[in-house]
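A, B, C and D are the chain letters, set down in written order, and residue numbers restart from 1 in every chain.
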Amino acid sequence: MIFALVILPLLAGLVAFVLRRPAIRRGLLVGTALMHATVTAICWAATPAPALGGWLALDAAGLLFLGITSFLFLMVSFYVAGYLGEEANRRATDPEEGFLFDNAPEAVFIGCLLLFLAAMTLVTVSQHFGLLWVAIEATTLASAPLIYFHRHHRSLEATWKYLLICSVGIALALLANFFLSVAATQKSGGAFAMVLSELVAHATILQTPWLKVSCLLFFVGYGTKMGLAPLHTWLPDAHSEAPSAVSALLSGAVLNCAFLGLVRVQQICVAAGLGDFGRDVWIALGLISLVVSAVFILGQTDYKRLLAYSSVENMGIIAVGVGLGGAGVFGAMLQAVNHSLAKAMLFLLSGNILARYQSKNIARVRGLLMAAPATGLLWLAGFLAITGTPPFGLFLSKFTILKAAFDGGHVWIALLLLAFLAVIFIGMTTAFLAMAQGEPEKTINRGEDRWWQIMPPAVLGFLVLCLGLTIPAKLSTVLHQIALTLGGAQ
Amino acid sequence: MNFISFLPLLLALVLSPLLSGVINRTKALFAGRHGQPWLQTYFDLWKLLQKGAVYSRTTTWLFRAGPIIGLAATLTAAMLMPLGNFPALIAFPADFLLFAGLLGMVRFFMVVAALDTGSSFEGMGASREVFFSALAEPALLVALATLARQAHTLSLSTMFGPVSGAHWLQAGPVLMLVVIALMIVLLAENARIPVDDPDTHLELTMIHEVMVLDHGGPDLAFVLYSSALKLWLFAAMIVGMVLPATGNVWMNLLLAVVGMLAVSVVVGVIESVMARLRLVIVPQLLVGAGALVAVAFLLSLA
Amino acid sequence: MWLLSAMAVLLYGAVVALLLMKRPSLNYSWLGAFPVVLAAIIGCIPAIQVLLGGPVEQFHVPWPVPFGEFFIELDPLSAWFLVPTLLLSALSAIYGVGYLRPWQSKRPLGPIWFFYGLLVLGMMLVLLARNAVLFLVAWELMAVASFFLVTFEHERQSVREAGWIYFVATHLGTVFLLAFFLLLARETGSMDFAVWAAQGIHTQGLAGVLFLLAVIGFGTKAGFMPLHVWLPEAHPAAPSHVSALMSGVMIKTGIYGLMRAFTFLGTPPLWWGWGLVAIGLSSGVLGVLFALAQHDLKRLLAYHSVENIGIIALGLGVGLLGMSTGSAVLMVLGFGGGLLHVLNHALFKGLLFLGAGSVVHGTGTREIDHLGGLLKRMPWTAAAFLVGAVAISGLPPLNGFLSEFLIFLGAFKGGISTGGPVAVPLLVVIAGLALIGGLAVACFTKAFGIVFLGEARSEHVSRAHEVDWTMRLPMLMLAAGCAGIGLCAPVMVGSLQRVLENVTTQRPEVVRMTLANTTASLLFVVIGAVTFLLLVAMLVLVRRGLLSDRRVDESVTWGCGYPQPTVRMQYTASSFAQPLTDLFRPLLGTRKKLSAPRGLFPAEAALKTETPDLSREEMYRPMFERGERWLSQLRWLQHGNVQLYILYIAATLLVLLVWKFR
Amino acid sequence: MFITNLILALVVLTNLKLLGSSRLGASIRVVAAQGVALGLLPILAHWPELSVHFGLLAAGTVAIKGVVFPWLLFRAIREAEIAREIEPYVGYAASLVAGAVALGTSFWLCTRLPIPENIASPWLVPVSFFSIFAGLFLIVSRKRAVSQVLGFLVLENGIYTFGVGVAVRTPFLVEVGVLLDVFVAVFVMGITIFHINREFDHINTDRLSTLKD
């Protein structure tokens, strides 16, 4: 079962490279996504047995992020299928600077997309730290060509930064892996396997200093990929230049994958009684992320970058939540789920907006509600969702995290959190309202967008809404299980 | 409730037009003139009630309603005001709030009626009227609060009675301040010098008189009468404060009427020896009155 | 059960409206308004039952969200707020049917009715929720729905700006509420209002912090000066029936929240009362002063909401002083007056906004100085507006007088018997209320006089017409309500009994006794009022008799000898208010632009005055600008240079290592 | 032991050489040499317990680091026709000083950590740290995209040093995965450099800074 999850998109991806007919290729994409989602659903219903000697297994955290990834991919695949029908294999005019450029061949795009899914799936199912590392690195490599879909200098620059920064981060994570293996080496010469369950079981007899250094290195390494400030620098560039569907996946799924990596580390720390050691770092990085995102969200002129910074913000909130422990972990996980859905929705919508207005500049987008009512409405709904306005799910998760902060006696953290959330809210409000309301210019076409442009974000938005109204029992159980492994008991 | 309890009201109804006659005679005395007859206001009222009316085409039913509502409210207010230590027809805790509210009602409809004509002069008068009365209102109520604190009661009818005697000895300064403030409020509310000049013929400088420029006939009679009543009511407050109480009810009543005339004389004297203040100075006067009573209240705390 | 069905009707109606009214051709406003009316009727039944002494309804349903529970309860306090909320919602909805007609052919009305339903639902839930999560969800639902209603005409720049200010302000308020609720939750270990009320907060310092948080959080919604900035922007921007609803009842949820918060916080120290009196004074006086200085009818009314919230705050302040000193009289009269004013303000401010809406509907402008003489063209609207104007000025025999009477009475009763620390703030209440009342008369004679009386000042008026019955009926009903409450004063105050027991936590006998004393006074007030009305009737007859056989002529207005008066010579709103605004210029910051007449034969001259909101201009704008400037100094971080980015990574690593291995 | 130390000394020297070098071609060769030396490390470090595992690892490392990378990078600079100058932000002398400081820091850091007992050489850990620092420094302080890839390789070499020398028990599969990943990373970077070259006619990364706030 677990094998199937990884192999399926892998094979499909390889096939996609050689397929000739675009329609079949797109069909393959959607079909694979559907199958993947189905298998994931089955996994949710009944946890599959571990494979590869325990290297691959699905625990609560894996299950959660696998679910998010698979579902997002499904939604994105619908969008991409429609998108490629319009966008692929034609010369396009750059909306910012007016030059002509090509897009990458569709085969490469779809192939990489499927490989990307395979890599992300591997992240969620691998229990072995080495394998996890390989998988995370693979997500970087598989997504680089996706970011470079539009062949022009800005996307190239974004890709280059993405590659270089993430590679440095991932290299540090490799070092962290080595440190971890040293920590797992016993004086007697024996050593534990680098499998999560093994390490957690023997956490108390790991060599503490090595574990600590390893932990810090993991923070910097996976933190880079997760987009925690000040390691987030690749994020706005990559998100703003990638096609919107890819941005949706990057923000909604990849960041979570890196977060999952860090969760694994924290699980060991907690088991080793070093929970507090990591917590400071989580909180510090989380708060810095909030500050940095506040700085750049306020007065932001590019709406895709705005969304990217909002991802930094949300990763910051999640980090603070994990750092707070207790109910905060529960909140953080819930936040991760909600953020993925909401952010993917917004990125897909930003693709609609970009297609209509031919500009990423907030000031050039006016009157979305009139020009494209459905997109406009969803855009506002997404805005409310991402800022944590009830009855959307992010409200509950933010509330839980705040409550954890207050209950844990971290009043200052809570106040900082509140203050920066307020600042960010102001920045977001300014941008989103200006875009949605008002009267569009005469040159802008009016009329609804296509169904493939509306349905996926609408479904995502609906889910965020549902998660704000009620949290399904199964999800709640999973979140509780994760929280327990991270030293939280809600 | 017998006939006697109607006495203060009846006296007010009958004698109030006399006060302006007294004031005018006092002023004439100071100016060395003979002056108008004591009963001139009665004559005016009589004459006006005989007349027909001319209405501006701009006006509406409100213009006609203004004097009626004004007079009705003033009459109702008159039922609340005691004379000396003779209780009023209607007395209950915090009746002065209803009193102040009814006077507000008078003002509201006078002003609205003035605005109904569309005349810029009447608009000007209306503007000044609401301006000054808004500032006089706090002074009046704080004064009453001080009094109430002194008398430990909340009804106009019982407030003045006990004040008169030993209180003046005990809390003379406090009461003195209140009397001064009430006097200022009286002058402002009744459009007397130094706030307003009822005798001027330059519309630009008037307040009350200019508001009723377009009224005529019975309407004007109503307005005049309610103004006279209003003066009576305010004078009654001052009289109530300063009048010494004797044992005899009738004696008290007589003294009170004499006191009312005395207050009119004082007003006449003030009108004679002072000039009308510049409009920008008036607020200072009224705020000053407010400050006086506030000080009085603070003094009464000790 | 009634309540749940009312909410279900609202939700159902809102969704149906959204789904059905998609195209301008499908605009059946009744479809949106009817469920609101129905829900109001259904919802009022239990509320009135509770007020009349019926049992308190509770309703628990597990709600699977963290810390959440669907726990609603209709206690007397909630019921007291619920009744005006539902009534005004229904009347405004009926009004909205007519008011929205001009848009019918232009755009789908589904969204506005959807959000209208949501707003009513949100307000209901806010009043009923007894779980902090549910409360916050309802609170934000209310904010979001009203935001969309405010920005109904978002194609106009000014409306968008107003929407922004409103949304940001309300959100910032919520931030404080979050802190408030979470601190309480930490102290008590529960999210349940019932537990909070039962346990109370016994640490003085913490209670003080909570009090401040509640005042700021709820005060932002209520419109306490200087947290009121959104009010004068949002109310004019919104469609008038929405302004009526927001100003009449939505801002009262802030008052409700504050009163609910008081029940959690234990015995208040004296300074809370001082604080609320100070807030009430500043809101009341500055509110009415700013109102005086406005030329925009709806903006003027919006500032009056600030004023009336100030009056309510004065009442609450008196009540708090009573709670600190254990004086039942102060508690009952202060809270009672405040509560009664909540109801009264809902009626007359709703009425006034609807009246203003009719004016806008008829003439297409909100500029007071462009109007005039509307009484002849819109007699019903004018009469209704007049009733509202008299009521809001706090004049007998209408309802505005009553609530102020109670607060005054409380302040006087306390003022004559207590010592300095209580008596001085009570004196401030007395002086403040008096000043506010006087200024309110000034303001509403201006608003009514300039808009409805005199001659038309521009051609806007010539287009004016009386509104149809859907818009007239709600206004008349509200006017009748204003008069009715005024004349049924003792009954109304009697119905406060249970609410006051709820708020003051005094024994019923104590409350009843204090109320009985008051009721006696009120009976006399009513006698006075009836006498007054009888006298009016009598004088009307007298006047008719006198004039019956005399000549009654018509002519032009007397122009003091000037033969050719024109409409441009009339006093305007600006000139009417000028003496007062000049006096209070330091507080108002009015800007004057005068091009004085020059030369012997001046060709033209103009005077323009403008009074922007002082706290917005002098406080919030600089604060926001400074904050943004300060934050944007960090923008070099994202410099574009990949080397720098790698340096961040290295530096982070180093800092973490040093931090953890020092 | 001796040979291990020799190799480690070589690594330190090559790092210093890289910090001070102004020629691109020379730098690539130095990195290649470093890679080859490190390739031999697994065999030497665990002498005499030789195994297929270490043999394959060594072969793979030598092949990739010593042959494939230089070839890729030389191809990139040839096709980009770029000047062979490195263009640093930080001067060569200053770079060397920084290198010395980094070396000192590395040794200090190791005093804070319990060094595993069965380790080939006490120098192993500090040297690997030093390589990591040097790699980071190179990436930060050089303008050319190619030099940044070189810096990344030095960083990788440092990590690799640590890996083969200390973390003995890291399973083979992972090590191969690591190698493969690094290979692909550099490969993708090579492709990117190629694209950059085509797009900009130069590969100064300071020109790659239009995306900012």
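To be clear about the criterion, a residue touches a chain if its C-beta (ideal position, glycine included) is under 8 Å from a C-beta of that chain, and two chains touch if they have at least 3 such contacts.
Treat the numbers as computed from the prediction; the structure is a model and nothing was measured.
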Requested in this report: Considering only mean CA positions as chain centres, point out the chain farthest from subunit B.
Outcome: D
Query raised in the report: So which has more C-beta pairs touching, A-D or C-D?
Result: A-D
Query raised in the report: So, what's the distance in Å between the C-alpha centres of subunit D and subunit C?
Result: 69
Query - subunit A and subunit D, separation of their C-alpha mean positions in angstrom - result: 31
Query raised in the report: How big is the gap, in whole Å, between where the Cα atoms of subunit A centre and where those of subunit C centre?
Result: 44
Query raised in the report: Whole-Å distance, subunit A centre to subunit B centre, using C-alpha means?
Result: 78
Report task. Would you give the residues of subunit A that are in contact with at least 2 other chains, written as numbers and ranges? Result -> 160-161, 164, 168, 172, 213, 236, 296
Query raised in the report: What parts of subunit C, by residue number, touch at least two of the other chains?
Result: 635, 638, 642, 644, 646, 649, 657, 661
**Report entry** Which pairs of chains touch, using the document's own definition
**Finding:** A-C, A-D, B-C, C-D
Query raised in the report: Which bits of subunit A are touching subunit D when the two form their complex?
Result: 128, 130-131, 133-134, 137-138, 140-141, 144, 148, 151-154, 156-161, 163-164, 167-168, 170-172, 174-175, 177-179, 181-182, 184-185, 187, 189, 191, 193-194, 207, 209-210, 213, 236-237, 240-241, 296, 300, 305
Query raised in the report: Considering the complex alone, what residue numbers of subunit C touch subunit D?
Result: 635, 638-644, 646-647, 649-650, 657, 661
Query - In the complex with subunit C, residue positions of subunit A that touch it - result: 160-161, 164-165, 168-169, 172, 212-213, 216-217, 219-220, 223-224, 230-231, 233-234, 236, 277, 281, 291-292, 294-296, 298-299, 327, 330-331, 334, 367, 369-370, 384, 389-391, 395-396, 399-400, 402-403, 406-407, 414-415, 418-419, 421-423, 425-426, 429-430, 433-434, 437-439, 468-473, 476, 490
Query - Partner subunit C, residues of subunit D touching it in the complex - result: 89, 109, 112, 133, 136-137, 139-143, 148, 205-206, 208-213
Query - Residues of subunit D defined as touching subunit A within the complex - result: 112-114, 116-118, 132, 136, 139, 145, 148, 152, 155-156, 158-159, 162-163, 166-171, 173-174, 177-178, 181, 184-185, 188-189, 192, 195-196, 199-200, 205, 208-211, 213
